[in-house]
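Each structure below is given as structure tokens.
In the two assemblies presented below, chain A is common to both, partnered first by chain B and then by chain C.
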Partner chain A sequence: MATRQLALPARRRAPDTSGARRGHRARRREAAAGWLFTAPAVVALIVFLVVPIIMAAWVSVSDWSGIGSPFSAGVHAVGTANYAALLTQPGLPQQDLGMSIRDNLYYVLLVVPLQTALALLLAVVVSRKALRGRGFFRTAFYFPSVTSSVAVSMIFLFLFADSGVVNGALGFLGVHGPQWFTDPNGLLHMIARGAGIRPPAVLTGHGLLGLSWWDWLAGPSVAMVTLIILAIWTTSGTFMLLFLPALYNISEEVEEAAIVDGAGPWTRFRRITLPLIRPALFLVLTLGLIGTWQVFDQVFLITQGNPAGTTLTPAYLAYQVSFGSQQWGQGAAIAFILFGIIVIFTVLQRLVLRERGSVTQARGRGM
Partner chain B sequence: MKHTRAFLAAAAVIGVLAAASACGSSAPAASSAGQPSKTPITLMFGSSGPAETKAVNAAAAAFTRQSGIKVNVVAASNLTQQLAQGFAAGHPPDVFYLDPGSFQNYAKDNALYPYAQTLPNAKDFYPALRAAFTYKGKFICDPKDASTLALYINTADWQQAGLTSADVPTNWSQLAAVAKKLTTHGRVGLVLDQSHSELDEFLYQNGGTVVGGNGQVDLDSTQNVAALSFLKTMLKAGTLKFPPALSSGWSGQAFGENKAAMDIVGNWMVGALQSDYPTIRYQVATIPAGPTGTAATLSFTNCWGVARSSGNVAGAVDFVKFLTTPQQQMAFSKAFGVIPSLATLQNQWQSTFPELAVHTKELTYAHPDIALPNDAQALSAFDSALAQLATGNPATILKNAQTNLAPLASQAG
Partner chain C sequence: MSPAAGQIAGRRNPWLRSGLYLTLAVFAFLYIYPFLLELGTAFKTETDAVGNPTNPLPHNWVVSAFSQLGNQDFPRWFTNSVIVAVFVTLGRILFDSMAGYALARLRFRGRGAVFAAIIAVMAVPGVVLLIPKFLVIRTLGIYDTYPGLIIPLLADATGVFIMKQFFESVPASIEEAAKIDGAGVFRIFWSVSLPMARPALMALTILSFQGSWNDFSDILIAHENPSLDTLTTGVGRLVSGQLGAATEYPLKLAAAVAMTVPVAIVFFVFQKHIMRTGQGALKE
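Up next is the complex of A and B:
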């Protein structure tokens, strides 16, 4: 009702005005009304997003000590010193940043593909018309996503404790479970050790960001694996919900035509389903990539970066450096470096998933 | 049109920025302690448990009755973070618990009101505690209380292993020997928290230092390497374990659940055992000395910080005076087992709590836990490495910590 009274008359009238001046004025009125209606949202965006980002950018190039406003007189610009301490000068800040990027990289490389695959699998299963009690399964799979991450983290602490359920189950199978949260050994290093490979000097002698190439190749630590399992378990349900409407949108005629053409289930999935849900897939991968690079709560609650810094992530490091060490400039600089990493990865992912062929392109625009 | 829009946006941003910075600097400028006004004050503290919360609330209520100044008591869930938020916003609490590490940061930035030097009881505090809160020769804030590490022994396990009071260890070799005797299937002889705050005393006991008398970090000495190697040997022998290996959050939990027979820990253990594990029978013994007989332990303390930007500095200082009176310190001791920071109270305290006398007697040779400006990241890296001591190289661990901590010492006051 309100919509029709307010918006429609202006819109309807605009095309049939003959004079250019009248049209101009109408558009101006429309624009003013538009600004008025969006003002609350715009103000909220400026106050809670734009200003904090500007402040953080300033803090990252200043010597602000955490007392009073960063814009007060006693705070000086220090140029790129905070970034230099993190990126070019050997030392603890650089080494911690290197470790956090390594740990988070392995986290992203494992979580994003696995959670996407699991979410897609769940969505395909739940969307089957033949499945009885679909509503129940949909709710069950979605449940971890709506549970508070604090509660989930606490439950995982119990599950993966040394004498916890997981090790109990492993013990039942005759396997001696690891000390999940205190084992800093990297998976790739463990495999290398098992295969009798000794670290070659070429890898141990050189490195990047204070870590030797051999350390970069450590793989996720056992402790990190528990965080990875936790992330996959909690987020798959959310992404399943994003896949479901895309799957429902595929018309039955297309499927039937494919069946008539003699395509088996796997071919149909690969040639019909996957291309048709590409926009949803793109969304899930993008959200997954951004979310996994920003992982904080699980690290804060479960490991605090331990053991031996193998679950450190840039987001947690920024918190530790700012609030713990009171090095606010460096903390803000870490946040901006993380921002850069996320931008690079998102752009890379766009390039990889770039739409090819006219059919899919048209489909993609339609969504 | 486009220009107008850009201009409006820019104006809005500038306006908000100005408002934000004005907010930050609008806190009352530093004032000297004049006549205390009746402006309410805020006390922020990190509580060790319900006993401490109750005692602090009672003290604040008593002060309000006496002075007419209302005190808002805030029990912080994460004191360091909430304090930092308060200072950043320009509205810190008026009075707050302050650990020696954060003290260095805030003193360096001149954010603390230095009241302690001028108070008549300045000389009554233990010198080691006063030193922890002295910046560039100026005694800034009053130590709240004190804690030291001592050896806690489960008496039931002790008797079961056939040990008597003559077997209480006084040096490292005896400690290792009884730990071995007390280790059984499902129980370890000794548990220690995997942090510098619970392990550094071994370095001092072996004749080494963490921060030397000249204020320089001296971690990578041969004595210190030998001390860590001793602990590593015990870890490898399975007679010493860190809490995670016993599925415990901290050593007190492992001791309380009788997964460990001995624990070297501070007097905060008393309150924890009382409330969580009241059935455990234990004895507190003096911490064993090093191989050459050097007695050493670590001391811990917080101070009552007063913010320079407080709206009622005089009232805040009056509140601290009230909190550090002998009566109030004894009340806190009775409530949650801390040692009073006033050396003048030592005899009274020891006669009230004979079973804890060990902790005060140790204060004479206690070394303060390491505290340097901006030290959180370096100490966290050190703790991470110490947690891997069983498989790590003691010399490398100490060398890395030395590299990371040495530059910070030059900024310490």
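Up next is the complex of A and C:
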């Protein structure tokens, strides 16, 4: 590729000398390079992501049973039947989808803010030049990210076992630890019960997607809490790594000028660091949001959606429905519903961040 | 200069300094201790592992868990993991940085559409693509081959996104100077922009190696021949097949240790590079 690219100008160098023409030629060369540079990535994405998406879209509106090609003559279009079974018709598929969305929603609401905040905290601390042994700490914090989900799942199965490390530590503090992987009680329900609140009829009588509003408000189950802790522990190192280049790019002069001006650490963080690392923050939140809605490995390896469906996620449900129950159409439909959820959340997050950005800029100008 | 700044901050706010080290100590413990337990328990007997879970030191050091693992196809799985991870990483570094550079710097028709497509593709849940991906791999005739394990993993929208974001955060002035000097697009990319992108490239290298080394589902659907198993699918099958019901913590954690060690070595090698790059960036 290098030779082709370098040969291009030589071949065309012949007569023209006018500046305008040269500019035009340069622009065309740049356009050709642009396509050439993006071609390998684009081809790979088309063949292994776009084409499969089209096939999955077809499967989600078909009655394909998993045998033979989904495009063979025996496969029929069934319109929106698969989606209807999940979204509008009361029944088990709808209830499973409702549970999976609820469980995953609590997972996202807890994991994304906590992992982003922790990653930023670790990155800020570790990027300080005055810190002793920062290489050691950076390694320690990033290391869980290097470990495979298979290995981490095994460690967590060991740590959160009934008579395991975590319950041992809790027992030391005088707390009787729960049976982490088999406790389906939602945290919010437990708090409500502790406060003596009985489920009001308004909430138990009505609902959405086969779940009463009271069930929607259950909060993450004890079992889900272990998966949430696992996710935060595993991913904050990855995101710390993405914050570090941005933090290194902040010029020390600005930082020192602020110190001389008497700005405290919190002010410096809010007025200098945060605005300057906005692209990295945007990246981390985007990746975090997309990743947490796709949680699959840990569910597959540790809980299989149990106990009582409180660790079900749409990604795992889609797998279970298609590979397990051979309902390929419904499985693909779940995945597309999940896709819709991710798009909505990403757009929302974009809007929120953009607004905050303009506020900060306005304030900066006012100063 | 910076130590001075650190001293100023430290003198002005001793609370900040002690708070900083306390935070570090707590988090370092939370991040390191589970691995010490993993390592120690792998060398324990079953009764010792269940009886003293919080003590990372075995009562008697035994390697029975590892010799049990050694009876499996470990060397073959290891070789396969290396082959997949190396090719995927090299491919991604080249393709992602080229595409990211083009999307950040070069003006060409369709650039906005390509970027929008990449964002859209990033949001697509990978799980739904497993079966269709399997069908595509079969159709291309690369099922049960190394290319079938490697090529699908080269499709990496996230890496392109990371590189684009990075190139956009680097000022274009040096490239403009090179352009005025008459350097071609590829030359500017290769000898000016890419060296400046070292922090991002290091991050991409680690993310790619780790991602492909630890990948389970994509590898699983691309082969059925056991001789193509990587460490993840090999250990995964071993665990789900034989250990599913029993606790057998030493064996489980020995498997976890064995699959973590190689990627840890690669990580430690690159960690030095990251630090050097980081310090270089600071000095500038």
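In the analysis below, the second predicted complex is superposed on the first by the 313 of 367 C-alpha atoms of A that agree within 3 Å, B and C clash if a C-alpha of one lies under 4 Å from a C-alpha of the other, contacts with A are read in each partner's own complex, and residues count from 1 in each chain.
We take it that a contact is a pair of C-beta atoms (placed from the backbone, for glycine too) under 8 Å apart; a residue touches a chain by one contact, two chains touch by 3 or more.
Nothing here was measured: the structure is a model prediction, and the numbers come from that model.
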| item | value |
| --- | --- |
| Partner chain in contact with A:Leu274 - chain B first, chain C second, else both or neither | neither |
| First, second, both or neither for A:Gly324, with chain B first and chain C second | first |
| Touched partner set for A:Asp162, first chain B, second chain C, both or neither | first |
| Chain B versus chain C as contact partner of A:Ser72, first or second or both or neither | first |
| Which of chain B and chain C A:Asn306 touches, first, second, both or neither | first |
| First (chain B), second (chain C), both or neither touched by A:Ile197 | neither |
| Touched partner set for A:Val175, first chain B, second chain C, both or neither | neither |
| Contacts of A:Ala56 with chain B and chain C, given as first, second, both or neither | second |
| Broader residue contact with chain A after superposition on the shared chain, chain B or chain C | C |
| Touched partner set for A:Arg138, first chain B, second chain C, both or neither | second |
| Residues of chain A that lie at the interface with chain B and also at the interface with chain C | 31, 47, 50-51, 55, 69-70, 161, 163-164, 322 |
| Complex interface listing, chain A residues touching chain C | 1-2, 5-6, 8-9, 27, 29-35, 37-38, 40-42, 44-45, 47-53, 55-56, 59, 69-70, 121-122, 125, 127-131, 135, 137-152, 154-155, 157-159, 161, 163-165, 168-169, 233, 237-238, 241-242, 244-246, 248-249, 252, 255-256, 259, 264-265, 279-280, 283, 286-287, 290, 293-294, 296-297, 314-316, 318-319, 322, 328, 331-332, 335-336, 338-339, 342-343, 346 |
| Touching residues on chain B, where the partner in the complex is chain A | 1, 9, 12-13, 16-17, 20-21, 23-25, 27, 80-81, 84, 87-88, 90, 102, 105-106, 108-109, 111, 244-247, 309, 373-378, 380-381, 383-385, 387-388, 403-404 |
| Contact footprint of chain B on chain A as seen in their complex | 28, 31, 43, 46-47, 50-51, 54-55, 65-72, 91-93, 96, 161-164, 179, 181-182, 184, 304-309, 320-327 |
| Chain A-touching residues of chain C, taken from the complex the two chains share | 1-3, 5-10, 12-13, 16, 20, 23-24, 27-28, 30-32, 34-35, 37-38, 41, 50, 53-54, 94-96, 98-99, 101-103, 106-111, 114, 117-118, 121-133, 135-136, 140, 151-152, 154-158, 160-162, 165-166, 168-169, 184-187, 189-190, 199-200, 203, 206-207, 210, 213-214, 216-217, 231-232, 235-236, 239, 247, 249, 252-253, 255-257, 259-260, 263-264, 267-268, 271, 274-275, 278, 281-282 |
